[in-house]
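Two complexes, one shared chain (chain A), two partners (chain B, chain C).
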Partner chain A sequence: MSLLKPLNKLPELNTANVLLVENEELFQKKLADAIVLLENNVNVIVRLARSLPLPLESRPRIDLVVFIVHLNSEQSLLSAEASLKHLDSSYFLGKVCFLVTGARCGTLPYERLTSLKKLAATLNSPLLMTEDRTTEGVNTVAQRVLAVLRVAAGLVPMATGLYLSSLTRCTVPTDPDWQNQD
Partner chain B sequence: MANKDFLEDPFLHNYEDYLMSVWGRNPDRHPSKGPAWSCVRETMGPGESEGFLVPGSVGGLSYPSTEDQFSTRPCSPTPRLFPKRSHLRCPRPPELSLLRRHPPELSLLRRHPPELAGQWSGAQAGRRRGSGSSSTATAGRQQRQQRQERQHINSTAALAKRAYKSYAKALPGLKKLGISSVLLRKIIGTLEVSCGVVLTLVPGRPKDVANFLLLLVMLAVLFFHQLVGDPLKRYAHALVFGILLTCRLLIARQSEERPEREETREQQVNAEEKNKVKVSYDRSLRVAENERKKSEAEDPFLLALKYFSRVEDGTPWKGNDVLERHVAVVERLALSQGLPPEAIPVLLDFALSLRMGTTLCVRMLKILIPASVVPQDAVIQGVSWLCVGKMPIGTQVMFLRWLLTVFDLIDSKDQLRAIYGFIFSFVTEESLGRQPFLMHLLALYKVFSPELVTLSFPSKMKSGFKNHNSTWKAALSSVQRRNNVEVASDLRLTFGVREQPVSKKRKMNSHLTVPAVSSLPLRVSSSKKALPLEQLRAFPQLLQNLDRIELPAQMGSMLGSSLALHYMDCLRDSSAFLRLNFWLGHALHEEFLFCREASSQNMEEAARFLNTLISTQRLLQEGFSSTEVFLYRFLRVWDGSLLRPQILALLSDISVVPSSRIKVLLFEPLMQLFFTSSLFFKCSVIECLNSMLLKWLTWHSVYALEDELDISVSSQTPVNMTLSGLMDSVVELVQFVGRISTIGLQLEGYHTLLLSFTLDFYETVCDMYLKYDLPLVLMPPAGVFYPALLSTSPVSVDRLCHIMHRYRTNLVSAKRQEKQPEKPFHISRKTYREFNQYVVSMVSCLWNSRAFLPGMGIELGEDVLARSKVSEYWSTFNLIHHPAFMSCAIDFHQKCWPERKELDLNSIKVGKRWDWYTEFLFSQGFHGIKEFVQSSFSRRSSIKETGNDLQ
Partner chain C sequence: METRLSATATPRNQTAPHRSSKSYGFSRRSLGVELTSRLGCTPGQLTAVRIPTNRGIPKPRNITEQVDPEHIALIVKKEWKLSYVTPLYQFGHTQLQSYSRQLAAFLAAEKQQGVAVEVGQELGFKVVFTAVLGLAETDDDAETVLIQIHSKSAFAAEGEAAKLTWSGWLSCVSGDVEYLRSMPPDFTCLPLFGASGAESLTTLVKSWFERTFDCYFGPLAINSTNLEWLAALWTGCHPDTNIRYLKLAWTIPAQPPLDVSYTVHPQDAWELWNSIRQESGLRDTVDIEEVSCFIKGLESHLFRHFRIYLSAGTLTKVSTTLGSAHQDGKIRITSSDMMTSVLALLTECALLKMPV
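Presenting the complex of A and B:
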């Protein structure tokens, strides 16, 4: 199956398309609702998928792909990694973003977060921490996704996704002092 | 055709009415049909209905008497059911199917089929015979019934007599004793009746005797039946009754015998274990156990305890079901309510003695969650097991961890303190190795008594304990929460000694009053009488007793009390700060944010705690290093909204970060949050960085006076920083804010709010030299300066003018300072050049109307300017045509020429009007412009000279 490309369909006026990819389908819906409710000026289309690739016949234009990873499940990370392979490399110029839930919880394996951070850092993509249990947290992350989406969809003058991703991309601290948590 | 039958039914219209009345609830709603009841009455007549009416209750529904029912108050829905039931008795199934909507009624019908059948026949008969004869028929039936009953009774009596006769015959010995069949019958009857009465009425021993006698009688009866050879159905009742009596007797006996029984069972259990046989309790034991449960609540747990205290060395644990069951019992209790204090020594002893191997020891330690306190003896015994030396290192470490976890719950520590020496030599021993979880603790103790702790510690150690015991902690806190006991929870702060002199926690945690020094008996001189901090009530008292105040045992309790903090502030004891830092680091890291779900209650608690911490830090005017460590880590997992005000306030309190690490610690996580978050978050981040810079500068100005520029920023933190180090950090910070505000402004469309916060920051920056004595002048980047200059809001332009004025003042005095030989410092030419360029741009824009011309700061290509189709583009940003000031200009124009119809703003520029206009602007509150104009334009026509002067 061919890769998903960001520019194979023409953009529409004042429209932003975002694809939320989440294996568990726990958080997608809530986030989608919050995103749609928050944005008033632009026509935002939120699409949901469990994993990539998307079916070939009806591939829409996607301006931003958001991978939602739950740190409490290994499968979640593996599924996101597998889905990444079906994206065209030009998506990684500021059109991919990772959301991670449960990063604050100390009981979860820290290696998972580290490997996800490394993944996001190598792909030059931002990694947004999420508090998925509270409404406030959901709204905040919806706002943040929208902020990235607006830039990625070209709705912010003088800013491109690549420009923003150079500022927001995930970094892994090299100082060993701050790396080990155990 | 069933349906047709139904349609032809003479009651059809009644039925319809009935449905109407039931569904419509209110018959008055259908006035055309009239009330349902009247219809019924018409068809049936009162007499007919009498024949099948049963007054009273049918299946729990009570009906009023017939006359009432058919009287004129028929509106309650319940009685209406009745005539319908009578109709239903007609054998017409389709009606039933139609009525499935009303299942309760149908079930009512089904419950009394014979009765209703009787009624129906009676009713039919009554209808046939007429109303008068129906009562006679009923009377006749009753008589017949009575007769039948009497006959039945007579025949039963005769049967019994016959039976007893046959018994007497079958046992010839009776005849010899002179007992006839009649006598036998009477004896047995009397016995049964009297024993029955005793059994029901008299408590205690007579009851058991009666039970026994009855049992004997029953046996005798059974014996007779057997003798005669009766079929089973004749004596089944006696058999059942006999079994019942036996059971009752057994149960009664068992509850008395319990103590002996238990002993035997224990022996049995042990014996069976040895044979590795799966134990199965017999029934009666189980019954006994249930009995016991009623009287005492403990049972399986006590059994388990008994088991663990007695189990022998070397008992195998694999496949040992008894063990598994007992462990399961203990585990359930431990995780639900916690273990009672008396259970802990037993279990700890069992675990550490390794009677059933290491695996079980570890398993037992894991579930050793105390409900309230841990007895001191248990701990001492546990420590003594360490000496035996057969415990593997891993298990020893595990025990120590457990000990640390429950340390606050140990009921008293006097004896434990006596063996501290041993414990320290043990934990610092090489064989145990350097356990990371012990390092912080040992480092702290080294401060107290260097002679006890011989280890040396790396100087660069992270402050703040890590939670190595999170599973225990989690279980412990959940148990405590469930039990609603606030046992020395690290999460909760004891608020100030004044507010809560005796809190519950203090009572539970009795060692809070024990002074820290007294844990080291060598140092305390008996003459010196110490005053616990919590006895302090007022500030004068603090002053008087300053030298003999004791710190509380839990340093966290100081946070809430301002008196304690005042004391803390004048304290020169580094151990106090170290302790507080350790406690705080632990509380922040493990208890608050990393282990908890973001439920509103938790977050409220966290917010309260952080607010206390913030106010403490403000009072002490310095941040704790553990807070910083926590913040750096938290920023990396922060979503940008959780506890935002608190986190940003704490962040603004952090001490100067070395420039080598500031990027990793602070800037990277902040950047990622800043650019993806909302405008308000951006504003609050800039504000936070502004107050951070302010604090750094204040520290510098305070300590620079004290220590001749070689400052240590915070006296209690190990960060020592030279002036150049501080300057590097400040430069980094200012440049960082310049970067993010430039891009932030661009992303947010040069939002006025963000611009305002950015200018706030530069108001701090421009005065660094004069106000805070830091020999540093840093200009704002073009991305901030020009948006502010060309902004549509007059306030931004005015503030920019003020900032430029302050820059000028700073630079001028720096220039003067540079010329003095004793304190030489240098501000790079680049800064002057930058400043001059900004001034030229401002003046040419606002004053000279020479914007966009070559050499005037902002330059644009001719073709671009031409494309804008503005003819006099050079004058579009002067004080008259500037979008921010145009409204002022129009206002001024109207005041000057109130009679003029057409607007000619250019006429303001001519002659004296320009001066009047600037005066007008100053009077409108634009003080920044005034300052800028007055300082820069002392010689109005020679701006160039001003620039040259500065170079």
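Presenting the complex of A and C:
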């Protein structure tokens, strides 16, 4: 199966495409609705997938790939890791972003968030913390995803995804305790 | 002039040996500790507690020689609800008797608050604080303290002994040495608190501790990584003490929610664990990779039969004959042989919750 490439299809005028990848299919529908409701000026197309690769025949243009990871299940993280392999490397120049839910919950193992942070940092991608239980939280994250999407789709003059990602990418602190993790 | 000089010099002389007597370990963080203590902040504030990735193999050992068997009998076989406690200010193991009186008076006062006529209430409380000597593993650990509350109902027959209605303990076993040494001298670190008995009494005891020792109690959850550690730790003991069964429980967020209870024959579990240990070369320490490999092996076995990904859910409970642990912080230790290793693991969980 060939890799998903960002520039295979021609862009349409005033249109932004976002792909939400979530193994559990719990949150992507809610987020998709919130994103579509929020944006009025631009034609936003939200596509949903459980995992990558996408079927070869009907691959649309995708401007931004968002991976939703639920920290309460290991499977969620493993599935995101597996899906990442089906993306072309040029996506990692500012066209990928990670969403994490449940990071506030005290009963979850810290190692999962740590490994996700490392993953996002090595891929130079931003990591957004999300509250998925409240409408307020969903709206906030929809706004943040939209802001990244507008830039990634080239709708913001003078800004590119690569430029934005160099500012927003997740970084792992150079701390002895972090190096201790691996 | 001379007096002024000596006045400025004195504190420096006093603090210098005190500071050098503490060794802060080797991490870069310890530099920060040293700096803040000079600036007058609490030295403990910046000390980092690390999440360990490997541990020594726990060996079942008979602790009845070190610890009074009566004390052990009070701790084992009960289910404890765990909490973490921040360091206690000016707590002394020598003043336990006076604490007993104070807590009894506090409980009685709280119970009588707003009650005009007492009907069928407990008349009085008898509180006993006991130091459980010998549980501490290193010199830096403070000795465990056991608290028992006996109460007598108003209708009890004459001469009837007061019943044990609540018990609890504060413990520290093999705590992080660097953290414990960075503690200011007035503080005692007993980070793990277990309570068994009426919830209302637990709340009262906690509030007494919070008022008296300026500490804070918070709920201690045991996350799935630590439950996995416990499962591996108990399975590893199988050749020495028969664990009879290894029972694991998962909750899977499906519609409707699915609870999976998974019981493994101890011999099978041990053989799987042993093969993983053999593969990584029998070392003295157990790595976190080996533990997760063990759990993944069990998970993939269930997947082969039932097509259920257990990793999509969360591990909520682990139990064997040696004890059981639940995700929401309930633990039962049945065998005194493994008590110290389990308490050491839990102490570590509690220390991770400490303000740093």
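As a working rule, the second predicted complex is superposed on the first by the 175 of 182 C-alpha atoms of A that agree within 3 Å, B and C clash if a C-alpha of one lies under 4 Å from a C-alpha of the other, contacts with A are read in each partner's own complex, and residues count from 1 in each chain.
Simple rule for what comes next: contacts are C-beta pairs under 8 Å (C-beta built on N, C-alpha and C of every residue); 3 or more make two chains touch, one makes a residue touch a chain.
A quick note: this is a predicted structure, and the numbers were derived from the prediction, not measured.
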Give one of first, second, both or neither to describe whether A:111 is in contact with chain B, with chain C, with both, or with none.
-> second
Which of the two partners, first being chain B and second being chain C, lies in contact with A:137: first, second, both, or neither?
-> first
Using the superposition on chain A described above, determine whether A:156 touches chain B (first), chain C (second), both, or neither.
-> first
What is the contact status of A:83 with respect to chain B (first) and chain C (second): first, second, both, or neither?
-> neither
Please tell me which partner, chain B or chain C, touches more residues of chain A.
-> B
In the superposed arrangement, which partner chain does A:128 touch: chain B (first), chain C (second), both, or neither?
-> first
Shared contact residues on chain A for chain B and chain C?
-> 106-107, 175, 177, 181
Of chain B, residues touching chain A in the complex = 462, 466-467, 470, 474, 589-590, 593-595, 597-600, 603, 632-634, 636-642, 661, 664-665, 668, 671-672, 675-678, 743, 746-747, 749
Interface residues, chain C side, partner chain A - complex = 27-29, 48, 50-51, 53, 219, 221-226, 253, 288, 309, 311-314, 327-328, 352
Flag every residue of chain A that touches chain B in the complex, lowest number first.
-> 103-107, 113, 126-131, 133-134, 136-137, 139-141, 143-144, 147-148, 151, 156-159, 164, 167-171, 173-175, 177-178, 181-182
Contact footprint of chain C on chain A as seen in their complex | 23-24, 26, 72-76, 78, 106-111, 175-177, 180-181
